[in-house]
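Each of the next two complexes has chain A plus one more chain, namely chain B in the first and chain C in the second.
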Partner chain A sequence: MSMTRILKKTLELVLLVLCILAVFGPMMSLVIWSVAQTWYWPSALPQKVGFDYWKQALGVQKSMAIGAVSIVPAFLLSLSIAVVTVVVGMALAVPAGYALAKYRIPFGGLILFLFLMPNAFPQQPIFVNLLQTFTRIGLAGTVPGVILLHILVGLVFGVWITSATFRSIPPSLEEAARSVGATAPKAFYRITLPLAAPGLLSSAVFVFITSLDEFTGTFFIGLPFVSTLPLTLYSSSGYNMQFASVIALILLVPSVAFMLLIQRVLKAEYVGGMG
Partner chain B sequence: MSELRLQNLTIRYGKVTALDGLDLVIHDGELVTLLGPSGCGKTTTLRSVSGFLVPESGDIFIGERRVTDIPPERRGIGLVFQNYALWPHMTVHQNLAFGLEMRRLPASVIAEKVRAVLGVVKLEGFGDRFPRQLSGGQQQRVALARAVVLEPDILLLDEPLSNLDALLREQMRFEIAQIHKRLGITTMYVTHDQTEAMVISDRIVILSNGRIMQQGSPEEIYLRPANKFVAGFMGTTTFLSGTVSSVDGERCLIRTADGLELVGSGRGFTVGSRVSAAVRPESIELLSAAGSAATAAPGAVNRFETVVDRAFFTGELVDYQLRLGPIFLRARGDASRIHRAEERVSIRIDPARLPIVPDSDAA
Partner chain C sequence: MGPVNVERALKTGGRKVPPYIYLLFPAVTFMLLMYAWPFLASVGKSFIGPDGRLGLENYVKTAQLYARDVAFTFSVTVFNTLLTAAAAVILAVYFRMRQNGVSRLLAAVLKLPIFIPFVVVSQMMNSFLAPHGLLNVALAQLGLIDLEKPLQLFNFAGLSFGFVWKQIPFALLIVHGGFQMIDNSYIEAARSAGARLPRVVWRVLIPMNKSSILVALVLVYSSIVGTFTLPYMLIGGKVPTTITVDIAHRVGYFRDFGVANALGVCSYVLVLLTAAYYLRTKLREAR
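For the complex of A and B:
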């Protein structure tokens, strides 16, 4: 190994470590805070380390001294809402995106623009209005109401990404399938859908994460009866840094897991001939 | 194998008439090229035969079957696209097997048919490759194989060679012609490239504005264009307009406004008809310097004295722009004897290779 090669490798390694630090550094402080039972200034690290806050949050232990409550119900609620939002949202977004991409829909551009609206404005006025409407029809403070809200907010990613994905697939690919005897639905399932899979899955990831993270709208529509994880983070952790860190880390888990799953599926798709 | 018959086909896009009452028959086993500039209706015709466009009026028959309202998947057509349209997530084998699977054939039959068709397009052993691992020419062969593996009644090719480079294009022309000869499928071939059409076709149909301008064998179209549009489309053409001053069978003597007298070929003209002579570079013969033994007597038919305006050496030949009074003519000469600018050159135009057409665009 020559000198320059060693130098180059070393430089690469240093860069890699710096990148990892930049990405995971802030999260490390979360990890430390979540296990810090006693941490006084000016010490660089906690004096006493333990899993009391984790146990409390996960409902294994109930200590009045620590004060915060179990977040397991909120976590399960958030997860269920996110899953239903993805399923229903994508069931709407895939046909809508396909139609907007493949057919000349009257006012198609306007429809796409409308989906963008909830994210193009300051959201509070929209949600306050929505609360009025939902109250009138009895959806305020209910889980279906919150799901409906999350679909509304998530659909912008759903429809925009799916329609862009379908638009990127040349129509001749489906036509070629038709010409060799495939019916229109068969051509869609065998040709267009597998080719669109990476785009559809990434739009599903966006919808999922949007739902899991959604705060403002859920604050208006959901409280006080429906309290998702982000709302719990705000309302019941207060100024308790340890407890907030635990919730923040737990919020990461489903997102990362979903992302890893998608990545695995995507990789199979690419190996399968996308490139 | 069957005949393809289009009857009075009319298609409009909004207010634009893409096809205007088109009548066309492609006989069993024939290869017919639809040739014309973009927007002439050739792709519209192909898409209506394939079933992706529903005509406003008129009918399409494949053999005795009326297919006008039948969806594409039940028409029994093979389709080759300009961009190949191979499915990128499938191997060559899977691309070819897809249509056979749709017919629910047993796996052993499918494997045998795919193997055989790969032989036809000279791609044995490429079955496990993905389209992106193939060159453009190879991809187009797979596309052709996918269209013919189902033994369709009609094969439709939509500008199949226009994405290939010039050298490959020339090679593929011959291969398509050969495969057509071997399989004998009734074929409609769409292109805007007149050389491609000449090489490949049994018959050429020239389209303009959704109407047939002329149809016939490549020689007929080239030597006896029916009108100015057809004559102008088949290569570089200079039109000299004039009046017929005498007619002798197919030979017409015409006199231009500049007093030039030309003898050309054309039917159906009478003395006094307003016509144009379609002068092509390849029908101009450059005579060696005056006084040579081969030179005909001065005043002989279609012999003119010109001056070289410009000369372009292209390697295999020399491209000339010649001045004949106020007229500029394009001509081609042998690279072994290059005439320089301002040199005087005698030319002769063979009357048999000088088409006379009516002096308007109407058919």
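For the complex of A and C:
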């Protein structure tokens, strides 16, 4: 009996160690590269370690190295695109989510279908065709074009999360407010909205992170004129490993931090739509 | 009916417009213009040849140039979906049956990759799996390989490592959630009737959790078919590569939207069954 227990415990620990190595190995690779100032093959670790590439990337220190530009402009661009995407995207998503949750809508199935399609089918052909349309109307390679694209990518999740949030609020509360004389808008603002606030906030954070991390669509619509942070990462990964690693870590931190914050509110399926 | 309502009723020709029309109009219009229209266009334009006439020219060219890549995409997808599902089910069973410090730590570690965006995962794998990358260096230090002849991983194997790294944690989250819903009494009943663990898993846990396992399978499958970043940064234009990379090359180098759309339709066809299952399940759930 005790032999099997020891065996079980050993197996469990082996599994743990293997998983830790598999999960953190690739992440360690990023960390090591981001501080590797001199690294000649076949040395297992860099000969000289320091934060020069971090300083260059953050614009603290100037460098002549290839590909070492400040990422501050790209970061600010990504940030402002994400903010506009959240504001416009949520302005579209919240009313739609509310309607889907609270009303019986004729042809409601078709509308749900429209909002489910992007999860079911590959999205790249959509981006290719948007590129053609956007080229014709002068939106390709522009910031507004990229924002429209980010809204598209985020809107589906925004609608699903907000609609799930509104559905979880019992209609009896709003009805109670109505019965003591509150008008419909007042009942909504005073009762439903405060209760929905955490879910709506999570949804907004989700849309924000989706925009910050969006790569594929921006690759088609934005290049070569709109260089967001993920695109800067991509273009530097070809010739400057250190620099690409620094950007990757800068992108990784907010994604993990924010998602850990809001994951309790999210259904498992939404989370898969990341990146 | 108050005076205001009468006025409004007169304006709208006697019929009151239900409020959900106003609420849904902006989002639905946006989706029709930015999603439904490009989707239909991608299918329609795949049948319009370079001379502007209706025909199968794009598909003929796709078959000639990219048949191997379509097969490669399909095999990468099937292999990684099955591997992911198997690993996720095994890990979820472990988490369901054993709750201790080790399993809690493992659960926390395995949550991390879900939140890391694909572009970061791609860069990670690009440096980790490189011929002189951390993996090869570490294996050489252990004496398992010769660093003069490192493992070449910018192919099926490396791509699979990247996909599995990102997708197992995601599938695990869904499957584990499903297992949590199964009451302990079912497991105990099977146990007391003399069933051993593998039998409990096969006859009780998996059948009772079929729907969440299927949803995880379907989402992982669709996601792998449609992923562009990882194959693009890991394999790029080398042969064989995935459909998504071919589409980017067709558009980027040749401005050939016809063949790009035909390739896109191929990727739709690859996910047709899983998409149908996903849409049906979700629409039923919503009723």
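Keep in mind that, in the parts below, the second predicted complex is superposed on the first by the 206 of 275 C-alpha atoms of A that agree within 3 Å, B and C clash if a C-alpha of one lies under 4 Å from a C-alpha of the other, contacts with A are read in each partner's own complex, and residues count from 1 in each chain.
The definition used in the following text is that a contact is a pair of C-beta atoms (placed from the backbone, for glycine too) under 8 Å apart; a residue touches a chain by one contact, two chains touch by 3 or more.
Bear in mind the structure is a predicted one, so any value in this text is a computation, not a measurement.
Of the two partner chains placed by superposition, only chain B is touched by A:P170; chain C is not. Between chain B and chain C, the partner in contact with more residues of chain A is C. Once the two complexes are laid over each other on the shared chain, residue contacts for A:A22 go to chain C alone; chain B is not touched. After overlaying the two complexes on the shared chain, residue contacts for A:V72 are found with neither chain B nor chain C. Within the superposed three-chain model, A:K186 lies in touch with chain B and out of touch with chain C [touch as defined at top]. Of the two partner chains, chain C is the only one that A:N119 touches; chain B does not reach it.
Shared contact residues on chain A (touching chain B in one structure, chain C in the other): 269, 272, 274-275. Of all residues in chain A, only 170, 172-173, 175-184, 186, 190-191, 194-195, 269, 272-275 touch chain B in the complex they form.
Across the interface of their complex, chain C is touched by residues 12-13, 15-16, 19-20, 22-30, 32-33, 41-42, 44, 91-93, 95-96, 98-100, 102-103, 105, 109, 111-126, 128-133, 148-149, 151-152, 155, 159, 213, 215-216, 219-220, 230, 233-234, 237, 241, 244-245, 247-248, 251-252, 255-256, 259-260, 263, 268-269, 271-272, 274-275 of chain A.
Against chain A, in their complex, chain C makes its touches with residues 18-20, 22-24, 26-28, 30-32, 34-36, 38-39, 41-42, 45, 94, 98, 102-103, 105-106, 109-121, 123-128, 132-135, 137-138, 140-141, 147, 165, 170, 173-174, 177, 215, 219-220, 222-223, 225-226, 228-229, 233, 244, 247-248, 251, 257, 260-261, 264-265, 267-268, 271, 274-275, 278-279, 282-283, 286. Chain contact summary for the complex, chain B toward chain A: residues 50-52, 71-74, 77-79, 81, 83, 85-91, 98-99, 102-103, 130-132, 146-147, 150.
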